[in-house]
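You will see two complexes here that share chain A, one where it goes with chain B and one where it goes with chain C.
What follows is the complex of A and B.
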């Protein structure tokens, strides 16, 4: 059995189904993200695992032990909260030693050693006597990590810990979480609505939508083969076009006479929705096949890339191009669809 | 109507809205009016205290204000007077006991209401604050009848007074505790439990320290209410267990002297010292910042 084995987890609040029979296996040392928009049930799932929500049905087995029925304090898990939940009336030392005091029988000297060790790991050496309120956002993040890491938990749970940070700090902390995981290899579950975090941190991503498990696969697989419209749209951006499948292995845009050859993998797909990633559209390609003419409708400079909306036939396509804007509204351009696929509506 | 107009001018000045459309003299007049009213309100609150302290300093039987001289005679008399025992051996212990019991009960009740799914939550809250709604005389009368049943005759009067005072102070300790518990983020409690603390340990180490300022203010309110209560005490007092306000009340029916003013001044001083001391020792500010 996998290190973490969740079977048919279900949580209802009255008529509302927050988590609908979700099953999940996580191997020891794996980093798994639960990705979904707000209200998708991802936090309910995490809190069920941590023991703060009583599931309506299902089982959660961690390291061979059933967790359902155990109070949170008896599950050897570390939870990093969105708002960190550091104890404001305690020093850094007391925050980090809090778990050691309750979970382990250590002498004061041993405790000091363990705290110093873990503060070293999260790059806060000598911070023991600092006051929580005088720390910067990044330092508070590290204390929150140290507080759970010091207990060497079976399972590390993250509840959107980076969502309150500004972009720069978020990127930095994301890298640090990744580094920590690579070094300590603690099995981790990371809840987020940020696809970038999910894709960059995880070995596997569970995509949740309205309490349902939509997909559970490695990030690259999810991105390259989203399979459903929801995933294609939520994980990265996508353009969608209704198409009709021709007999000769082509798909034809509805209302337009634009035809594209169909991928072999899509031959049996029972759907008529085509997705095209913005980065898979080339503007003004050198002459070749599958080139169509269109008109630039809008240009947004995002710094390293420029985002265009280009009307081709009756559809508008979002596309990105590296560098500063080269085309302006109204320009006539040609486009080529480099890659695309069919997804379930 | 006039008052409404004045209020609207004041609010305009306070919020700074439209102040540009007013001429400078109008703004000045408004400010003067505002600070004038503020000063008046503060003086009305402080003046009686100043007068009481002033009267207590009279060297003679006269209750003149301003005092005819400065003397601590009535403070000396207080030590030997019939107020001394009720002050220190009846009212004070009863107030401390009342405040302690009321604060503990208030916290327990508030914890259950705020943190647990209680059926009929609104009704439960109403129940605990009902002593605020029922006229005090009715409560006092009900307590007198109930606590004076024969089978309760073994209960000392002071204990009955504590029971009565807990009833009238519980709305205050309950409400302050409720607000204080609500101000403690449940995620902090979850954090503590995730780190291995039981429910009770999490309450003792996280919730309780963070709601400290609420607990202290509830305790102080209960203490002051009990210490100054005359109504319930009047219905329940007997013999050796006469509280200070009742003793003063009885005294004033037959005599008058600056002794009462001196006693009141000591009472005021005691409460003042208490508030400052607790503020210093435990720190309202620190407690407020942390929550």
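What follows is the complex of A and C.
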């Protein structure tokens, strides 16, 4: 059995189904993200695993032990909270030693050693006597990590720990979490609504939508083969076009005479929805096949890239191009659809 | 504002304007400081001053230095007993306000919004009604010829003394001062982020340990504020012991009132007031230090 084995987890609040029969296997040392919009049930799932929510049905086995029925303090898991939940009335040392005092029988000297060791790992050496309130956001974040890492938990749980940080610090902490996981290899579950965090951190991503498991696969697979409209839209942006499948291995845009050759993998797909990633549309390509003419409808400069909306036939397509804007509203351009695929509506 | 303008002109002239800096910093504090000086500090100092002079039946104060009031208060068993009665009453009332008020404050802070509003309304309501009005309401109910005793007499043929004893004073004071513990406790518990107790549980603390180390510890400032309010006010209480107590339920406050207003013995009343103030301050300080040192509350330093 996998290191973490979740079977048919279900949680209902009255008539509302928060988590609907979700099953999940996680191998030892794996980093798994639970990705979904708010209300998708991801936090309920995490709280069930940590022991703060009683699931209506299902089982959660970690390292061979059934967790359902155990109080939170008897599950050897570390939880990093969204708002960190550091104890404001304690020093850094007392925050980090809190779990050691309850979970392990150590002498004061052994405790000091363990705390010093873990503060070294999260790059806060010598911070023991600091007051929590006087730390910067990034330092508090590292104390929150140290506080759970010091217990060497079976399972590390993250509840959107970076969502309150500004962009620069978020990027930095994301890299630090990745780096810590690569060094310590603690099995981790990371709950987020941020697809970028999920894609960059994880070995596998569970996509949840309205309490249902939509996909569970490695990030690259999810991005390159989203399979459903929800995933194609939630994990990266996508343009969608209704198409009809032709006999000769082509798909034709509805209301337009634009036809594209169909991928072999899509031949059996029972759907008529085509998705095209913005970065898979080339503007003014050198002459070639599958080039269509269109008109630029809007231009937004986002810094390193420029976002265009281009009308081709009866549809508007979002596309991105590197660098500063080269076309303005009303320009006539040609486009080529480099890659695309069919997804379930 | 004044300082901003003078700072600017000061820069133009090229030297800092010390007087305006000083005004900018302290001006807002002048009116309350003046008020405290004229209506609190000077009267108290004057009261302490006259407590060292003799009482005269004709001129109230005769300006001959004496320590007789303090001798009497500190060594006469009657007055010793009176101070002890006041301290004991205040300790008992404070203790019961903590025992009843903390759970109630905790309940209000953690219950559903609707229940919270109802409970807060119930706690606030007595504060809206003046103490005297409320106590007269109790007297109507509990007096020897009050509603309850009339019913008892008619049904069972006997009466019980519900008023005029230390128990009625104690219960009355607890009723009057309970909100002063409930409200700060409620407010300090409500300020604790929701995730702290789950965090403690996740780190291996059971429900009781998490409550003690997180919730209780972080609500201590509120509890401390509330108990100090109750203790100080009970030490100085006059109306409730007077209306609900018997002849032996004499507090230091009642003694001051009797000496100053009925007996016109201002020097003696001042000496009682001085001893009461010193005792109250000392006990509050001991309590404060105890909580601070034992509970490791460093943010009050």
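Basically, the second predicted complex is superposed on the first by the 345 of 345 C-alpha atoms of A that agree within 3 Å, B and C clash if a C-alpha of one lies under 4 Å from a C-alpha of the other, contacts with A are read in each partner's own complex, and residues count from 1 in each chain.
Quick note on the criterion: a residue touches a chain if its C-beta (ideal position, glycine included) is under 8 Å from a C-beta of that chain, and two chains touch if they have at least 3 such contacts.
Computed from a prediction, not measured in an experiment: that's the story for all the values here.
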Please tell me, clash or fit, for chain B and chain C sharing chain A in the overlay.
-> clash
Which partner does A:10 reach: the first (chain B), the second (chain C), both, or neither?
-> neither
Based on the superposed arrangement, let me know which partner A:336 touches: chain B (first), chain C (second), both, or neither?
-> neither
Of the two partner chains, chain B (first) and chain C (second), which one does A:98 touch, if any: first, second, both, or neither?
-> both
Interface residues of chain A shared by chain B and chain C, listed 50-52, 71-73, 77-79, 81-83, 85-89, 98-99, 102-103, 147-148, 151
Hey, which residues of chain A end up touching chain C in the complex?
-> 50-52, 71-73, 77-79, 81-83, 85-89, 98-99, 102-103, 147-148, 151
List of chain B residues in touch with chain A within their complex = 185, 187-188, 190-199, 201, 205-206, 209-210, 289-291
Complex contact set, residues of chain A against chain B = 50-52, 71-73, 77-79, 81-83, 85-89, 98-99, 102-103, 133, 147-148, 151
Of all residues in chain C, which touch chain A in the complex?
-> 193, 195-196, 198-207, 209, 213-214, 217-218, 296-297, 299
